[in-house]
C-alpha cells in the first residue's frame, strides 16, 4: 500500500511537472522577453537582450530536449538554476516551502483545535446553543470567499486595532492573520464533519450495546466511539490539509507572504521554467506525502485496513 | 414473591400518536434457567417487546407495564431504572452481531468492558461457547457470523445478568451455526440464566423447549409450553404457522417425469477469485428440463457463485458451462438469444426492482427483448395466474408486501419464458407462510411448464422435500 | 459526556501554547538592534547592476562617478571633478582621495576602469555614448569617445555603471557579490524581496546615522498601503493614490508627495490605418479628460499632463507649449474630417476598417488599468471602441514586434539619465544605434526629429541645445507619437519615528543614510 | 427537496426568491452598467442609486445587478459541466471496472492534486482572461468529487440485484445505465452538485479578485471588490455591495438543500 502510494505520488508528480512544462511553453508570449522583464523591470525592455538570454539559457533549443535535460537532472536530485534570479531553485523552494509549511500547519492545527471541541460538544448536545451557533458559523464562513475573510481580519486586527502586522513574514505575529484566515475557512467544514461523525458514531448500535454491558454513556463513547469517529475525521483532515495548497495562492497574495503559492504564480508569470517545474514538483510530492500520511493514520486507526493482509 | 422469579407484565406499547401497537403481553420465569420464546412473523411486534423490557424502545414509542426482577418492581415507563439493570440483572444478545461489536476493538477488550469482567470469566465463557482463546485477539471483521454471534452470548455469560434477552439468535445462520446458537442458549440456561428468545425459527423454539408465545399483529394469540403447543396448537394462526414449516411440508410431489432434454450442463467447472483458493473445482453435473437440482452446503462455500457461473454472470476459471449444449463462453452469437431463458430468483425478491422506479416500468422494459405485443399478452395472463392486482404495477417496491414482491419477481422471470431458474435461498428472508407459497409456485412451474430449477439452500430440510437431485458443496467439492 | 470536551479543550490549549512558543528562531530577529525599514514596490530578481542596480543605488549601496541630486543637478560623487576636451571627445574624471570599497580596498582609477569595462556591455543606455576606450591615468579615469558627447556626466549617473570593487566580479565578469562604495553595505540579500544593510564605516562622505537598515520589496500596492496604515515600516514608497487620504488621517505615518520625472502615455501604432493619420491621434487626445483622470484617479489635478515632460525637468518642460485640450466636439469634427464615419453602433469606420483596437497595459502600477477603463468610456463617446488587455509589460513589446499592437499604455521614467535626450532618442528615434529600447513609439518616423537628436549629442553650445530641446518637444506635441495622459507623483509614507527624510523626485536614492530615529 | 422541517422549507423559499431576483433584476433596471461619469466618482448612496457610484463614476447598484446573472450563470455552468463529465466518468468507471476504472480514477486523483486556482491561472494565461479559462479551471477542480461520488454510488447500485436482473433480461448497457443507475446516482450527487454552485461562485469571485475574471469593464463581483478595495474608507457602501451579493447568493445555494448532513457532505472525502 505504501509502495503503491509512493509510486502513485511519483506518477502524479511527473505528470504535474510535465503539465507545468507544457503549459509554460504553450503559454502565449515570448519566454525570453518575459525573463528579461523579470530580471530588469518593465522599462527599457529590449528584444536584443531577450535574444541574448535565450541563447545563454538555451531557450531556443528544441523543447523536448529541454524537457529531457530537466528530467535527467532531476533524476540526480538537481533542480537547476532559476532563469530569473540565477540562484539554485532548490534553495529557493526550500525557503519558500518552509514558510508555506509553517503557515499551513499553523492554520490547519488552529482550525482543528477549534473545530474538535466545538464539533464534539455540538454533537453531544444536538440542537443546543453551541450546536446552533456553530451551524450558523459554518454556513456563514462557508459562504464567504477567503479573500473577504482575509480583508476583514486585516481591517480589524491590523488596521483598526493595530495588534498584528498586516503583511510579510518576519515574526510569528505575522503568521497569525494568514493562519487565522486559513483556519476560519477550514473550520467551517470541519466543525460540521466532526459534529456529524461524532453524532453518527454516538448513535451507532455498538455504543448502545457497550452500554448494556454496564458502561456509562461517556465511557462507552470514549472507549468505543473515539477511534471510530477518528477514522473519518482524520481522513477528512488530511484531505483538507492537502487542499490548502489551493488557498495558499490567495492567502499568500493577500498577505504578501513569501511562500510557495506566491512563488509559483510569480515564476509562472515570469516564465521561470525551472522554478515553475520545481514548485510543481514540490506541490505534487507534498500532496502525495500528505495523502500517504493520511493512509498511514487510517492504517493505524482502522484495524480493518491493517489486518486485512494477514 | 420469590427472589428467583421474574415476571414481565406489559400492558401496552403505544406509538407517537398514542395508538397501541403491542400488548398486552405477560411472561414469567418461575425458576432460574427458565426460557420464554416469542415467535411470530415479521411485524408481529415481538422485537418491541424485547426492547421494552430493556428500556431500548425507539424514541417515539412508550411502554406501560412493569417487570419484577430480583425482588424489585421496575416500571417499564422508567427507562433510566431499566438501564440501571443492564449487565447486573439483564443482558442483551442482539441480532446482527457485526453492528453490535465495535469494529475497531479487539474482542477481548470488548468482553473486558462487561461490568465485573475479568480474565478468568472471559476464558471460561469462551471455553463454554466453544470459542478458541485466539478469538480474544481478533477484531470483529475477522470472525465468521456464527463466531460473532457467540461472542455476544459470551458477554451475557460474563455478566451477572439473571435474564438474558436474545433477539433472533439464529437469523442468517446456516444449520450448523444455528445449532451452535441453540447450544449457547442451552449453556446460558444451564448456568441458571433465564432467557427470553425472540425468533421466527420454529425449529429453535421447539428445541429450546420453554414457554412458547405466539404473537400476531402485536397480540398474543397463544402461549403454552413448547411440547404442548407444537403437538397441539389450538389457535388457527398457530396451526398455519407450523404447517408452513418446511419439515411439515408434504413430501414427494407428483413429479416423476423422466425428461431427457438437458437444459444446462457444467463440465469440469472450477471457479476462484484471483488470489484466493478456488471455491470449487472440477464440478460436473447436468440439469434436465423439469428437474429440480439442489445445491447445498454451509454459508460462504460458494453456492451463490456456482449459480452465477451457471447463469453466465461469472466466467468459470476453467471448464465449460453449456446451455442447450452450447458453450456460453465460446459461442457469443447464440448466447444473447438464450440469455433471457436462464434466470435467477433472487434471495431478496424485492431487490430485483429498483426502488426509484415503479414495478410496471420494470415490466415495460421487457418490451426491449420480447416485443411490445407479447409483453401485453403475457402480462395480462400472468397477473391473473399469479392472482395479482394490476394496480401493483403503479407502485414502487417499497409499497408492496413481501409476498407480493416474491410473486412479482417470479412473474417478471416468467415473462421471459425461462428454461431454467436458479432460485437463490428463496426462503431465507421471508416468513414461513410466504416461504411455503414460493415453493408451491416453483413446484407448479416445474410441473406445468417443464422449467428446470436449481435450488440453492443451506437448509437441508427444505431441500430434502423438494429436490430431484442434490449437489452438496463442501470443501472437497465432490458431486453427488 | 462533558469530561470529553473538557479534556479536548485542555489538550487543545496546551498544543496551541506549544505552537505559539515554538518559533523562537523568528523572535531572535526581533531582538536585533533597531534598524530602519524601507518598503518599495519593485522586486529585485538579480544583483546585476544593469538589472537591479536601481535598487542598489536607491538603497545607498552603490555609487557612480557622478550623482544626480534631488534638485536635478548632476554633481561629483566618486569623481571629485571632471573636465572635457573642447571637442567633447575626451573626458577626465579625477577620483576623490581616500575612498574605500566596502571590503576595505582602496578605490583606484584602475579599479574604476575595470568596473566600467565589465559593466558597459550590459549598460545599454551608455551605448549611446560610443566609448572608444577607458584609461586609468594616476588618479584620473579618462574616457576616450568616438563621437563628441556633451551629456556624459549625466549619463554616468546611470545605475547600470555604478562602481564595484574588483572583488565583486566573478570569473565570468558578472557581479557575484555586491561590493561598492556607498554609505551602506550589504549584510544579507534574499532575492527577490529582502536586503539587509549595515553601515559602511569607511564611507567617504557623511556616514549613516543608523547602523542598520532593511530594504524590502512589497509588490502589491494595497499591501503597502496596509503596512502604512499599520505603521509597519519607516519609509514606504509608491503609496497607491486612493489610500493617501486614509493614511494621512490615520496619523501613523506622514505622507510626502512629489511630482516625478515620469509620464503615463499611450503609444498608438502609427502604422495602423486607424492611427496613420495624425488627425486621429489628435482626436483621441482631445477626447481625453485629463483633468478628471488626474483628479479622480491620480487624486492630484496637477498631474494632468500638458506635455510629455513634467515641470520637474525644467530643461525639457516648456510652460508656453500649447496644452492638450479636452474637447469632444473638436475631436468628433477631426474624425469626421479624416473620413471616419460613425456606424449605427456609434463606432466609426473607414473603408471597411473599424475604428477599434486593444489597449495593452500592465497592473504593476495599479492606476493604469483604471485609467485604461476610463479611456475606454471616453473613446467610445467619439466612436473608438477600445478593448483592454492587462498582462505583462513584455506583452506590449511582443505585440509591437509581431505587429498586433494597437495601443500600448506604458509608464516611462524620463530621467534615469538626467538629460531628457536619453529617453527621447531611445523612445522616438527609429533605426538609430542609440535606440536601445523596444518600448517606445511604434512605426513613427520624423526626419527632423532624428536629425535634431543626432546633432544634440555632439553639441556643446548650451544655447543651441536649448533651441533643439524646444523644437523636439514641439514636434512631439504636434505629432503625438505618444499621447501623454498624466504625470506621476511619488508618494511616500514616512513614520513619525524617524527624522531626516529626503524626497528625491528622481527616485535615485531613498537617502536611508540621512534617516535617524527620533529621541 | 422532499422533507425537512418547516424552517428549512421557509429557507428554501427565501433562497429561491433571492436567486430568482438576483438573476433577473437587471432586466428591469434601465441604464448601462458601464456608463461612467468621472465627476460622480465616489458619490454616496441615494434613492435612484442605492449603492452610490464607484471610482469611475459608475452606478454600483446597476453593476452589482448586471454582474449577478453572469456570476451565477457562470458558476452554475461550471458545476453543470463538471457534473455531467464527472458522473459520466464515474458511471463508466464503475461499470467497466478493471483497467478503465483504475485509469480514470488516477486521472481524477491527478486533478485533485492540481490546485484549481493555479489551473485557472494557467488557463487564463493560455486562453486570455475571460469566461473560458474560468469555466475550464473551476470545472476541472470540481469534477473529481462528482466522479468519485458517482463512481461510489454507481458501484453500489450496480451491485444491486435489480441491475443483475436487468442484465439477465439481456438489455443493452446504455439502457441499464439509464434506467437503473442514472437516477440513484443523480439522487445521491445532485444536492452536492447544487451546493457546489455556492463554492463555484466563491471561486469565480476569487479569480475575479485576482484579476482573472471577465474582461473589464464588464461587471463582476470579485473584480468589483478588488477595484473598490483601496477606497474602503471612502466608499464603504460601494465595496460592501458586491461582498454582500456574493455572500447572499452563496448562502442561498447553501440553503437550497439543507438537511441534517448535507453541509458537511460537500467537503467530505469520498
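Residue numbering begins at 1 within each chain, and the chains themselves are lettered A, B, C and D in the order written.
In this section, a residue touches a chain if its C-beta (ideal position, glycine included) is under 8 Å from a C-beta of that chain, and two chains touch if they have at least 3 such contacts.
For each chain, UniProt lists the protein as follows: C = ABC transporter substrate-binding protein.
Remember, it's a predicted structure, so these values are computed and weren't measured experimentally.
The pair of chains sharing the greatest count of C-beta contacts is A-C. Taking each chain's centre as the mean of its CA atoms, B is the chain most distant from chain D. Separation between the centroids of chain A and chain C, computed from CA atoms only, is 37 Å. Separating the CA-averaged centres of chain B and chain C is a span of 86 Å. Averaging C-alpha coordinates per chain places the centre of chain B 48 Å away from that of chain D. Rounded to a whole number, the gap between the C-alpha centres of chain A and chain D is 22 angstrom. Among the residues of chain D, those touching two or more other chains are numbered 128, 229, 232. Across the assembly, chains come into contact as A-B, A-C, A-D, B-D, C-D. Taken together, the chain D residues at the contact with chain A in this complex read 106, 109-110, 112-118, 121-122, 125-126, 128, 141, 198, 202, 205-206, 209-210, 222, 225, 229, 232, 243, 246-247, 250-251, 254-255, 260-261, 263-264, 266-269. The residues of chain D lying in touch with chain C in their complex are 34-36, 38-39, 41-42, 55-57, 128-129, 211, 215-217, 227, 229-234. Contact residues of chain A toward chain D in the complex are 8, 11-12, 15-16, 19, 23, 26-28, 135, 138-140, 142-148, 151, 155, 189, 192-193, 195-196, 232, 235-236, 239-240, 242, 245-246, 248-250, 253, 261, 264-265, 268-269, 283-284, 287-288.
Against chain B, in their complex, chain A makes its touches with residues 204-206, 208-215, 223-224, 227-228, 231, 301-304, 307. Chain C contributes residues 1-5, 8-9, 12-13, 15-16, 19-20, 23, 26-27, 29-30, 42-43, 45-46, 48, 50-52, 54, 124-125, 190-193, 216, 218-220, 223, 226-227, 229-232, 250, 252, 362, 364, 391-395, 397-398, 401, 410-413, 416, 426, 436-439 to its touches with chain A in the complex.
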